[in-house]
Amino acid sequence: MLERLDQVFVLFKDWLVAFLPASWQGVVGVIICVVAIIAVYPTLFALAVLMERKGLGRMQNRYGPNRVGPFGILQPVADGIKSLTKEDIVPLRADAVVHFLAPVVLVVAVFMGFAVLPMGRNMVLVDLDTSLLFFFAMMASTELSVFMAGWSSRNKYSLLGAMRAVAQMISYEVPLLLSSIVIVMMTGSLSLVRVVEAQNHFTGILPNWYVFTPWGFAGFIVFVIASTAETNRSPFDLPEGESEIIAGYFTEYSGFKFALFFLGEYVEMFAVAGLGTTLFLGGWAGPISFLSWVPSWIWFFAKVELWICFFIWIRGTLPRLRQDQLMNFAWKFVLPFTLFNLVVAAVWRFMGEGWLRWLVCWALVVGVYALAGRSGMRREKIGTRIYRYAD
Amino acid sequence: MNPLAGYLLVAALLFAIGLAGALTRRNAILVLIGIELMLNAANLNLIAFWRYGPHPEFLTGMMFAIFSIGVAAAEAAVGLGLIIQIHRLAQTTDLDKINRMKG
Amino acid sequence: MIQETVSFTPLSSASTIAQILWLIPAVPIVASGAIALMKQPLRKPAATVAIGSLGVSLVLSLFAFAHVLSGWAQGEAVRETVNFTWVQVGAAHVDLGWVLDPLAAVMMVMVSLVGLLIFIYSIGYMEHDENFTRFFCFLALFAGAMLGVVISNSILLLFMCWEIVGLTSYLLIGFWYQKPSAAAAAKKAFLTTRVGDVFFLLGIVWLFAQTGTLLFYNGGTGALEPLALGGMLATHAAWGLTAAGAIGLLIFAGAVGKSGQLPLHVWLPDAMEGPTPVSALIHAATMVAAGVYLVARVYPLMQAGVVPGGTTTALTAVTWVGAITAVFAALIAIAQNDIKRILAYSTVSQLGYMMAGLGLGGVAVGMFHLITHAFFKSLLFMGAGSVIHGSHEEQDVRRMGGLRRAMPLTFLTYAAGMLALCGFPIFFSGFWSKDGILAAAKHAEASGIGAGPFALLVFGALLTAFYMTRQVSYVFFGTWRGHGHPHESSRVMTMPLAILAFFAIALGAIGTPAWEWFKGFLENRVAPFSLAAFGAPEFFSLLGTSSLVVFIGLGLGWWMYGNKSPQPEEPDALEKALPPVWAVLRDKFYFDEIYGATVIAFYYGWARVADWLDRYVWGGAVAAVALLFRGWAQLNRLLDQYGVNGGFDKSCEELASGGGLLARMQTGRVQTYLRLLALAVVVLAAILIWSSRG
Amino acid sequence: MSFAFWVVAALTVAGGLAAVLLKNLVHCALALTIAFAGLALLFLQLDAQFAGFAQILVYIGAVAILIVFAVLLTRSSETPAQGGIFSHTWLAGLVVAAGLFAVLAWAVIESAGGLPHESSAPAVTVMQIGNALMGRYVLPLEILALLLTAALIGAAIVAMHEKEGTK
C-alpha cells in the first residue's frame, strides 16, 4: 500500500501510457513528466510568493495580503490575472527581439534544470550520467538571459543591474560548483540519482546525509550562501536593489514578460533548493529510519519548502550587502574556503574509517574557516569607491 | 550519406565561416569571435573522429576536445583583455586603424 | 637523438645511508640557491640557512662514516655505489653515481666539519661586509660542490663538481672585485687551473675510450676495477707508460692545477686576495686538497701493474713533483712578508708533501697528512684572519708584533697550529702525518726511487720549522709596530679556532706507528695496537732525524728573529746575511716573470699577429672589394650621366617600387598576416591531400 | 544521416553566419551563443554528453559573457563603425576562407568512401573520463590547470586600469 503511495505518480504515468501503442509510449511518457513539472512548480511558485509576502509581513510587524479570498490566499491568482491582463510595454529604443527573448530563455533554461532532479524514488525525468554538469550548464545559461534583458532595455538602470547580476552570478557560480564537487568526489558519480542513493541509508536511526560530515557541512554552508547569491536573493539582491537601481535588469519589463521573469526567479530558487537538498540533505530520503515509510516525494518537497522558508526568513532578517563587500566576500573568503574544503574531503577520503578522521577533518574545517575569515575578511578602511561597469 | 563525412563538412563550413569573420570584419572582438568559431569547429572534428574512430574507448579525441575547450577559455580571457587594453591605448578596436607596426 | 633517462640501478646491496648519500652535497647546493634568492639585508637568515645546511651534511656524513666504520670493524671492505644512467645515446650511455667507501667517508667528514667551523667563523669575519649574503651563497655552493667531488663515483660527475668548485673559487677570490688585484688574482687562478683541467679532461676522454665507462666502481665493470685496469695495462702509451699510467698522469695534471703543484702553483699565493675564511676553507683545507683526493681516488690507475716493493712511472712522477714542490715552496715562504702569503706557500709545500706521500707510501699516508693538514692549516689561516682583523686589516708581518699579549687566545691556538705544521715531536698531529711520509720515503728508497725524495722532504721539514718560527716571532713576539691598538677578535671567531686547535693536536693519535688506525681503515686492514712499534729501530732513527730537523729549524728561526722586533723599513735578518738568495726567494724564483716572459708574451704576440691579419689581409681583401664596387659605381654614374639618364631614372623607380612592394607587405594590420597564414594553410592542405590521394 | 542532425547543423551554421555577419556586436555575441548551443547539441548527438555540457558551461556560461563584457567595455556596440563593418580587404579574406572551405570539403569528399560507417555508440561513462583525466592524461590536466591560472592572472593584469599615481 505504502509502496503504491510512494510510487503513485509513476504508476499513474504508466497507467496513462498503457493506453497508447508501444512505439509512442516512451515519448508520451516524457511529455507527461514535462507537463507535470511545468504544472507543479508554478503552483509552488504561487504558494511561495504568498508565503513570502505574508511571512515578510509578519516579520515586519504588519499583515501581509489579506484581502483576496480567506486570509488573502487567492492573492497570487489575482496577481497572475493582473500581470496577464496588463499592457506589455516595449521601450521605443529597446532591442525588441532580444527584449522578448530574454525572459523566454530564462524560463526555459531554469525549467531544463528540473529534468535531472530526482524528486522521489524513480521520479526523475532523465537519469543522465552527467546530470550535475547538465544542471550547472543550465544555471550558467541563465546569466546570458539576464544580460540580454538588461542590455536590450536600453536603460542605464537595467544595464547596471544586469552587469551587477552577471558579475555576481559568475563570482558565486564558482563556489557553488566547487562545493558540489566535494559531493562528486565522495559519491564518485555526477548522477544525482546515485548521490541520493549514496545518502539513503542509516546508522542507527540517523541518516548518512552528507551535511553531517565535516566537508559536507562546510560545503553545505557555502552552497547555501552561493545559491542565495546565485538566485539574487537578499542579502545578495543588489541586481534588483530597489533603492539603488529600481528593479535592476527587468526594470523595463511589464505584464506577462515581467511575470515570466518573476516566475523564472522563483523557479530557479526551487531548482537550486532542490539541488542543495539532493546533494546535502539526502534528496528524497527520509530523515529518520522509522519514518522512511512516508512517501519519498513528500520528503523532497518538504525539504525544498523548508529551504524556501529559510530564504524568506533570511530576506526578512539581513540587510543588503554593498557591491565591494559582495565581491570581497566571494573571492577572498568563500572561494579559498571552498577550495580548501576539497582538500579536507580528500583527507577524509584517504584517512579511512575511524573517529580520528572526524576529529581531523572537523579541526581542519574550523581552522580554515577561522583563518580565511581572519585573513580574507579583514576590514579595510573604506575610501571613495568608483563604479566602473561600462567605462 | 556517411555520418562522419556530414559532421566533418559541418565542421569545415563552420571553420571557414569563422575564418571569414576573422579576416573580413573590422572589429577586433569579431576577429576573436571568428577564432572561437574555428576552435569549436576543430572540437567538432575531434569529437566526430572519436565517435567514429576505431578505438573510442581510449577517449583520445574526447580528451583533446575537453582540453581544447579549457584552453579556449584561457585564450578568450587573455585575448579580450588584450583587446580592452588596445582600446585604452588607441581608443578604437577598428583593426584598419590599428597598424602601428606598419613597415 | 638524445633521450634522457634517469633510472636508478636497483642496488639492494647499498644501504639506506648510501642511497641517500646524494643529500650531502645536494643540501648545501639547494641552500645556496635559496640564499641567492635572498635580499642583501637578510644577513641572519642567509647565514642560518648556509650553516644549517652544512650542519645537515655533517650529520649525514657522520652517519655515513659510522656506517663504514662499523663495516670495517666487522672486517669487510665497505664500498657501496649507487649508479644511474644520465644520458642515453643509442646504445652508449653515460653513467653517474656516488660511492661510499672509507676514503670518501673520511674526506666528507673532514670537509663538512672544517667547512662548518669556517662558516661560523665567517659570520664574525664578514660581519661588516655588505655582500654578506652573496658570500654565504658562494660558500654554500662551494661546500656542496666539494662534497660532490668527494662522493662522486663517476669521473664525469667528479669533473663537473670539480669545475663548480673552480668557479666558486674564482668567485670567492674575486669576492672584493672592486680591488683590481683581487680581480686579477681571480682571473689568474681560474686560467691557471684551467691549464691543468684541460689535461684532466683529456685523461677522462682517454679513460672513456679505453674502458667505455666513466664509473670508478660498478660491481666489476668500473674503470678502477681489475678488469678495466688489465685492459689498460695491456695497451702501451709513449715512453714506456701503460695507458693506465698515462691516463693517471693526465688526471694528475688536473690535480697539479688544483693543488698548486709545481709548475702551476703560481695562482695559489695570489688567491690570498680573497677573504680569509675563503683562504682557510678553499685554499688551505678543501679545494687544494681536492687534487690530492683526486689522485688518491684514481690511485689504482697510477698503481696499476706495480710489482711488490717496486713503483710505477706515474707514481715516481707524482713523488718527484711533490717533493720538489715541497722544498721549493718552503724556500719561497721564507722570504715573504704577507702573513697570508707565507701560509699560502706553506700550503703549497704541504700539498707537495701529500703528493709525495701518495707517490711513496700509498693512499693512507697522503690522506692522513691531508686530514691533519686540513685542520691545522685552516686553523692557521683563521688565526691569521683573526690577527689581521685584530690589527686593523694589516697583513704585513713586519708591521705587527707582540700580539701574544694583545690576543692571547689567538696566540695559543696559532702556536698549536704552527707547531703542528712544523711537526713538533710526539704531541702534534703534523708530526705523525709528516713522519708517516718520511718513513714511506725512507722505505721507498729501496724501491729504486732513490734517496732524493727523502732528502728533499727532510730539508723541507727544516725550512717549514724555520719560516713558521720567523712568522710567529714576527707576529706575536717583540713589540707592537703597527698602527692603532690590536684587539682580540670576537668569540664567534675564536671559538672555531679553539676547536680546530684541539683537532690539530689530537688527530695525531689515529696515525701513530703504534696504532696505525687510519692506515688500516683506509686500506681495510685490522690495525693492532702495539707499543712495540715504538721500539722498532727504524722508527727511532726516523724520530731522531725529524725531531732534530725540526729543532734545528725552530732554533735557527728563533736565533735569527726571536724576540727582536726589527722596524719594517730595515732589511730582513736573512737578507742581511745573504742578499742574493733572499732576492731570489722574495721574487719567488721569478716564476711569474718567467711565465710573463714566455706564455703570456706568446699570447700577446699571437694576438698581435691576428690583429695584423685582420687589419691588412682580410681587411685588405674587403677594402679591395669595396674599391671594385666603387669603381663599378663610378662607371655606372658615367653611364647614367652621359646618355642613359632615362635608364637611371627607370632603375630608381624599379628600386622604389620594389621597396614599396616589400613595405606594403608589412601593413602592420593583423588581418593581413592572418590572411597570409590562412593562405599558407590552404596551400599546405591542398598539397597534402593532392599527394595523399590515389 | 538523421533528420535531427541536419536541423541542428543548420541551426549551428546559421548561428555562425549570423555571428560574423550581424552589424551590432552584441547581436553577434548572442548569435555566437546560438552556434555554441548548436555545437553542444551536435556533441550530444555524437554521444559525448560530458563534452557537450562542458561546452555549454564554458562557452555559453563564460566565454559568451566575456565577449559581451568586452563589447560593452570597448563601447563597440554603440559607436557606428564608419566605413562599414567590413575591412577594406574583405574580398581577399573571403576568397581565402572560401578556398579553405573548398580544400577541406574536397578532402572530405575525396576520402568519404574510406570513412568508417555508422557504429554503435561507444559506452563511456563519466567515471571512465575521470579516470582517464586522472590517469593517462593527468600531466596535460595539470599543465592546463597551470595555464588557466596563468591566463586568469594575466588577463586580470592586462585588463587592469593603471590608476594615476601607481607607476
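Residue numbering begins at 1 within each chain, and the chains themselves are lettered A, B, C and D in the order written.
Assume a residue touches a chain if its C-beta (ideal position, glycine included) is under 8 Å from a C-beta of that chain, and two chains touch if they have at least 3 such contacts.
Remember, it's a predicted structure, so these values are computed and weren't measured experimentally.
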* Structure fact -> With subunit D ignored, the remaining chains form A | B, C
* Euclidean distance of C-alpha centroids - subunit A vs subunit B, Å -> 33
* Asked: Just how far, in Å, is the C-alpha centre of subunit D from the one of subunit B?
  -> 5
* **Interchain centroid distance [CA atoms averaged], subunit C/subunit D, Å** => 62
* How many Å are there between the centre of subunit B and the centre of subunit C, using C-alpha atoms for each centre? -> 59
* **Residues within subunit B bordering two or more other chains** => 19, 22-23, 95-96
* Structure fact -> Residue numbers in subunit D touching two or more further chains are 50, 54, 62, 69, 73, 75, 87, 89, 92-93, 96-97, 100, 104, 161
* All pairs of touching chains, please: list them by chain label. => A-D, B-C, B-D, C-D
* Complex contact set, residues of subunit C against subunit D -> 669, 671-672, 675, 678-679, 681-682, 685-686, 689, 693
* Asked: Tell me, which parts of subunit D touch subunit C in their complex?
  -> 87, 89, 92-93, 96-97, 99-100, 103-104, 106-107, 110
* Structure fact -> The subunit D residues in contact with subunit B across the complex are 1, 5, 9, 12-13, 16-17, 19-21, 25, 28-29, 32, 35-36, 39, 42-43, 46-48, 50-51, 54-55, 58-59, 62-63, 66-67, 69-71, 73-76, 81, 83-90, 92-94, 96-98, 100-101, 104-105, 108-109, 112, 115-119, 121-122, 124, 128-129, 132-133, 137, 140-141, 144, 147-148, 150-152, 154-156, 158-159, 161
* Asked: Within the complex, which stretch of subunit C touches subunit B?
  -> 662-663, 665-671, 674-675, 678
* Structure fact -> Touching subunit C in the complex, subunit B uses residues 19, 22-23, 31, 95-96, 98-103
